[in-house]
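Okay, got some structures for you below.
Both complexes below contain chain A, partnered by chain B and then by chain C.
Presenting the complex of A and B:
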């Protein structure tokens, strides 16, 4: 309970600091603030999908339903955060590039990612047998994660993109204004905490549903 | 390896008996090509559009049939028998080789027809064949793995395209952009490397996961 209140206060503090304390970056101006929401959601997407892959592999090794619950919950929440990252990026693109959607390499690949994990959920719904669903969904999830590094890291760097890493971060390493950096890291930590809280709730629901199903 | 070879021979023989998959794919490729050609006419000066159309025609023709190798076994109730005589690895390898050969046959018919019907400029053959080869390999590996999973679901054929397409989109994107580059006179090196790396990564995932594909 304590840490949940702490998490709420932490994120609220980050929100206030993002709007009132952290300075703006030239060129990006007011849209700088999307940084504190957009990048953490994209980061949580990768964490969640990685979590899903790890538990898929663990399921294949140990055959415990617990891992299947973890993998499915992580994929669901990963998609949710992926949508949040896509929408926040899209709103920012409207402000900076003049259109919500341009098929910029970043937009393209995050959209592919949504499709890949949407397919994972569609696949899960197509089995009658629980054990078979867990096993084959784990196989698909592990194979699908092969696509993640290509989509998140390789393709966007291969093609010319208007995505502003070079403006916020001119020398290719984390070289931001210290106040921006502090708020950014605080939000990163806050969103990661939020993710793990959501994950534990979702897994508990799945566990209860299975217990109800068994009795 | 010998078992994989035997699976490939068996696939070829049973496909040749009915030619069901091949007929379906070729018919699909030719009719959709006709449709595209009728709708947009000759596009000799628009090689950027041509590259996209070529891969969409190939992709959909392929997706209509690539899951057949497993669906056929399940529907004919021969999967258990096949698993008694061959290891999962050699089944998957044999089916993969068959799908690759299948794609090459479909391309052998579709690509020349496409070039002629659409009035495409002459391709740079080295790069063009390289893209076709690597693109087919990526497509075959992904589709074979997904096909093995899909064959065990309720929806089977209906689900296959929807589930495999997202994983194939990387291949499609890179192949289209490489095909466009070879027509436009640019370099396609990055795309070819991307295709190669993706195919190898998928192949590695497939080899690691093969023992979990069939159990009951």
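Presenting the complex of A and C:
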């Protein structure tokens, strides 16, 4: 319980620091603050979809339903955070570019990512037999993750984009004010903790559902 | 500055609601696991 209360205070502290302590980036002005929400949600998306892929592979090797629960929960939460990243990015785009959606390479690739993992959920809901569902979903999830690094990191860099430079620039350095960096890392850690809490809750609910189904 | 404080309060409120919801869910899941 203590670490959960700590997480709550940690993120609340991050929010206060983001609004009242961290300076603004000159070009971004007030929209700088979206950085503390948008990038951590995008980061958690990649972590969650990676977690889903790892457990899908583990399921295919060991055939234990626990891995299927982990993979499904991670994909669901990954999609949730991906939607949050898309919405926060759109709000930022409206303020900076004048429109919520511009089919910028980053917007297009995140849209494809949502389609790919939306299909994963559709696939899962198409089967009643849990063994068959788990097996096919695991194959799909393991294959789908191959697209994630391309869609998130490679394709947006191949085409001209209005999206600000990545946090880690091409020289491999972080161009950030130290206070912005501190709040940014704190939010990154906080959101990662939030993800693992949500993951644990979703998996435990899935176990309870399975137990109820078996009795 | 005034606008920043208003947005901060809204953000904290949203986070508090989500956090309390997750805590409630945690307690409920624990109860069901004990049964």
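Everything that follows uses one rule, which is that the second predicted complex is superposed on the first by the 208 of 215 C-alpha atoms of A that agree within 3 Å, B and C clash if a C-alpha of one lies under 4 Å from a C-alpha of the other, contacts with A are read in each partner's own complex, and residues count from 1 in each chain.
Here is the rule we use: a contact is a pair of C-beta atoms (placed from the backbone, for glycine too) under 8 Å apart; a residue touches a chain by one contact, two chains touch by 3 or more.
Bear in mind the structure is a predicted one, so any value in this text is a computation, not a measurement.
When the two structures are aligned on the shared chain, A:121 is found in touch with neither chain B nor chain C. Applying the stated contact rule after C-alpha superposition, one finds that A:99 touches neither chain B nor chain C.
When the two complexes are overlaid on their common chain A, residue A:19 makes contact with chain C while staying clear of chain B. Once the two complexes are overlaid on the shared chain, A:204 sits against chain C while remaining clear of chain B.
Judged by the touch definition given at the top, the superposed model places A:8 against chain C, while chain B stays out of reach.
Residue ranges on chain C touching chain A, taken from their complex, read 4-5, 7-8, 11-12, 15-16, 19, 22-23, 25-26, 29, 32-33. The touching residues of chain A, when paired with chain B in their complex, are 60, 108, 112, 115-116, 118-119, 122-123, 126-128, 131-132, 135-136, 138-140, 142-144, 146-147, 150-151, 154-155, 158-159.
Every residue of chain A that touches chain C in the complex is listed here, in rising order: 4, 8, 11-12, 15-16, 19-20, 197-198, 201, 204-205, 208. Contact residues on chain B toward chain A in their complex (touch as defined above): 145-146, 149-150, 152-155, 159, 162-163, 165-167, 169-170, 173, 177, 190-191, 194, 197-198, 201-202, 204-206, 208-209, 212-213, 215-216.
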